[in-house]
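The two complexes that follow have subunit A in common; it is paired with subunit B in the first and with subunit C in the second.
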Partner chain A sequence: MTLKDRHGAFISLTDTPGELAVKDNICVQGFMCTASSKLLENYEPPYTATAVQKLQKQGLTVMGKTSCDEFACGSTGTHTSLANPRNPLDEKRVPGGSSSGSAIAVKDGLVRYAIGSDTGGSVRCPATFCQIVGYRPSYGQISRYGLMDMCMSFDTIGTLTRNVDDAIYLITGMSGKDDKDLTTMNSVDVKETPGLAGKRLVAFRQILESCDPGIREKFNEATEKAKLHVDVIDFPEIHKSIPTYYMIVFAEFASAMQRFDGKFFGKNRELLGQEVKRRILLGTFISQKENKDKWYTQAINARKWFQQKFEAMFAKYDFVINPTMPSPAPLVGEITDPITEYSMDLGTIFPSLMMGPSISLPYQGMGIQLTGKRFSDSALLYSARDLEGAL
Partner chain B sequence: MKVGFELHVTPLTESKMYCDCPTKNAQPNLQVCPICTGQPGSKPMAPNETALRAGIKLAKALNCTLNESVSVMRKHYFYPDLPNNYQLTSEPFGENGSFNNVGITEIHFEEDPGQYDPKSGLVDLNRSGSPLLEVVTEPDIDSIEKARDFLEEFSALLGFLGISQKIKADTNVSINGGARVEVKNIGSISGALNAIQYEVNRQAKEGAVLETRHYDKDTMTTKPARLKETVADYRYMREPNLPRPRASLQAKNGSTTYSTT
Partner chain C sequence: MDIPELCRIKLTDEEQERLEAEMKQILDWAGEIGVPEAKPTAFEAIVPRGDRARKSAYDIRFPKTKDGKIVI
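After this line comes the complex of A and B, so read on.
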């Protein structure tokens, strides 16, 4: 079959038509699993991820594996030498990452459904830049068995779809306990629940202020249009969520990457890209005995602080609402330093810290994100469907 | 002389520590799955309950103070027989015991690595992920006789508890307050006693440096380890793929469960 993959969505593709695209850091038997890295170009996994298996049982066929930032490290979607992902809406711009190919495949109509991984925004960021729906489930809602470890305590398998109904279909299908991922032991079934009516919404002034004025205007316009009442509160510490998150990511990532030394898995580590090498080196440094207390332990304590803060907040509010990304999709090559790239994640990181579900809806070139407390996936999905209708 | 042991006991179980693979003998690399071969994306399953039960029994018999719950840690090092390049090892679930007048520092559970043959360069992963109980003693032993007594009694205890009698005894030897030498690859009581005697003589002659040596049962001597086995920093980290807080080893009613709260 001929398929017009004009924007670098796929790394491997079958000849048979299918409805599902899978990010290439999720194992599917019969496909290579490269994590978009030259290091793993030849890795053929002997098994299929639980989440994919569940969708296959529902009758979905995997059509191909999609490009992403190498080992899911990045927010532009372009940190890979195995594909050339571009934003379908404007080829001069990045598609967003790390699940870039999955967003492109859905936007270009190559598949109806796509799944990716979301550690700190990797599904919601490309969904925003490509103007589709991106869903990050609660941590522990969907089995990660078969998803390559990036930062194990934040990693989730999420969805990229044209609308909320398609997301509900995928999330319902993938949810549930799995003996092979013990963090799923409290997973809750997704059921139709009352939607947005009566839900109490809150926004953080510091996140709104970090956005481009144009994004802020659109955000206000959207909340007015949907007749949402939003309390805007101060949360100055939210800026600390970025170093908190990245310290933990670096340390866990360095551990996860330890196996790719060419002995059983992976080729020469010289093949790794700069961002991956940077994270391995930083992660090794901060998890060493003499540095651990100063960096890693502090970050773990800060995460605990954020979790308690959010728990108190969710006693008063149902959802946090904010623009998913602070600016429009950057031009390819525009972002040259990691700090600028990390700071783009301010709106998407806090759900990871408090393990809650988070969804991004497209609205006039930007993204509206709703976030709920852990295991409120049903309420969040059906509220998001209402919001989608109102926009 | 001062001697202490790190005793690795293989409890009798049907399956491995973190997966369902059987532990019985087979042709090389047949008793394996994505988990015990460390395939990218695989996660450990709940720790083997039979192994945990055996561990609690042993800890009680060694008069240890039991910790109610422990975390499973990643211990990072590079070795040919370790697919992940980290080993899952628990925090001590029993501490401060004593047995046969020898202090028991701690007992924890861990997973066995595979088997690496340096001559052929081949690795067999059938053993990879098999359960191990590690008992660490204080360096309280000051004679060959005491060492023999302790090991024989310990072995009899394992038999009595029905845990297994497969022991490997990493042996730490020092003399006259000198550096501690660790001797690995010892698979029998007589091996341990021979290794101690050899080390005492050797250290008296050559002096001792902090190092790991391997016992050769054919020549009854020890040789410096072929590969560097002492790592300065294992970068211990709680295994995030196992839920907090960890294996609950509540032994009140004799039951051992894996808590996911």
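After this line comes the complex of A and C, so read on.
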């Protein structure tokens, strides 16, 4: 088995050894950038993403581009015809998505560091299923220049590593203002801060109840083991976060895909996979004048409502804690309908709506997720390092 | 123009039938999102929705000094 074929981690590889794997929707000069889509099979970008440039300046070498769900659309990691990603822990199971290849490459020890994109859980979900650390930074912490848009108001570049220290190393290297991405901020340097001691934690009853009993049991065991005091509160509206998120994603994704207008790329849209087609069609439908108010406008209001709700909650608590995914990794082919797949994201979507940082730590086959308010990245990373040590 | 044509996506009959059924299912599932109305932001509270673009464009073209005089 060649390195490229190993659990379907890579779309393209160099011959020279390197420490960094990059998801195939992030541009790196000298590598194809296909977003795991046949539509872009021959696309070689003429520039490198700012985040990758910063890591290269830090001395890291890009070893290859990793497979993902096509255009980052999916939670299983298997929505692509360019690779065959499988979970390194159990090849009958999915690796999780959309940053599947990046998680596999780190878990298999092919690279020490990997980066991916996280829109609604695309780093934290595969990190959980492959049992590594996945970090989604605050929106605006890391430049998205050179990342192919999936949903530009949620997209972030995140990390997949074996431990929190490696995540801190990557996030420190990539953070900061970039004139090419106006959403990035100046004062976001990651600095060592006091850790988990004295931090106030909260969990949402409705997310805990949506998990498999085995996952809930392990979550309780982990919080006891780490001696955490967690307030469990009711948040019945949290279930509405899924359609809120997806309606915005569909609309923005359909808009982003218009650039593939057939002039250079996008002539054969029949080559697109089912999930991508579905999102383009749905996004176009709900963006039409006559349909907009029923879904899209409501979702925009709901996002604002969620943000206000979380802002009030973070006056009382430092972090939200919950199981990252509600169940173990599904078997390949087990999930056949989109709503079941979207519903898996309940635990990972709310950090995206509130634009905050979120980290998933591996614990006995499941993921423990900590989420903080926007730009609390330093506090969250150093608290997660403490929690990692306690688990 | 129908949606697939608008998106320049050609579908087989079988594909169209399946995608239409799935899309209907997803839109029904999303249904009425139904969370309360969010509070207006400070900007939205000052400038009514319909006036927002006009006001900001006007303010850029005709900036005012502190005493309210328009600078030409």
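One rule holds for everything that comes next: the second predicted complex is superposed on the first by the 382 of 391 C-alpha atoms of A that agree within 3 Å, B and C clash if a C-alpha of one lies under 4 Å from a C-alpha of the other, contacts with A are read in each partner's own complex, and residues count from 1 in each chain.
One rule holds for everything that comes next: a contact is a pair of C-beta atoms (placed from the backbone, for glycine too) under 8 Å apart; a residue touches a chain by one contact, two chains touch by 3 or more.
Given the structure is predicted, the values throughout are model-derived calculations rather than measurements.
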item	value
First, second, both or neither for A:Thr284, with subunit B first and subunit C second	both
Partner chain(s) touched by A:Phe306 [first = subunit B, second = subunit C, both, neither]	second
First, second, both or neither for A:Cys27, with subunit B first and subunit C second	first
Partner chain in contact with A:Thr244 - subunit B first, subunit C second, else both or neither	second
Touched partner set for A:Lys180, first subunit B, second subunit C, both or neither	first
Subunit B versus subunit C as contact partner of A:Phe265, first or second or both or neither	first
Intersection of the subunit A residues that touch subunit B with those that touch subunit C	254, 261, 284
Residues of subunit A touching subunit C in the complex	237, 240, 243-244, 246-247, 254, 261-262, 266, 269-270, 272, 274, 277-278, 280-282, 284-286, 295, 298-299, 301-302, 304-308, 337-339, 342
Parts of subunit A lying in touch with subunit B, wherever the complex brings them together	25-27, 33, 35, 40, 43, 45-47, 49, 140, 144-149, 151-153, 179-183, 185-186, 251-252, 254-255, 258-261, 263-265, 284, 287-289, 296
Complex interface listing, subunit B residues touching subunit A	34-35, 37-46, 74, 76, 78, 80, 83-86, 233, 235, 237, 239-243, 258, 260
Subunit A-facing residues of subunit C, complex	3-4, 6-11, 15, 19, 22-23, 25-27, 29-39, 41
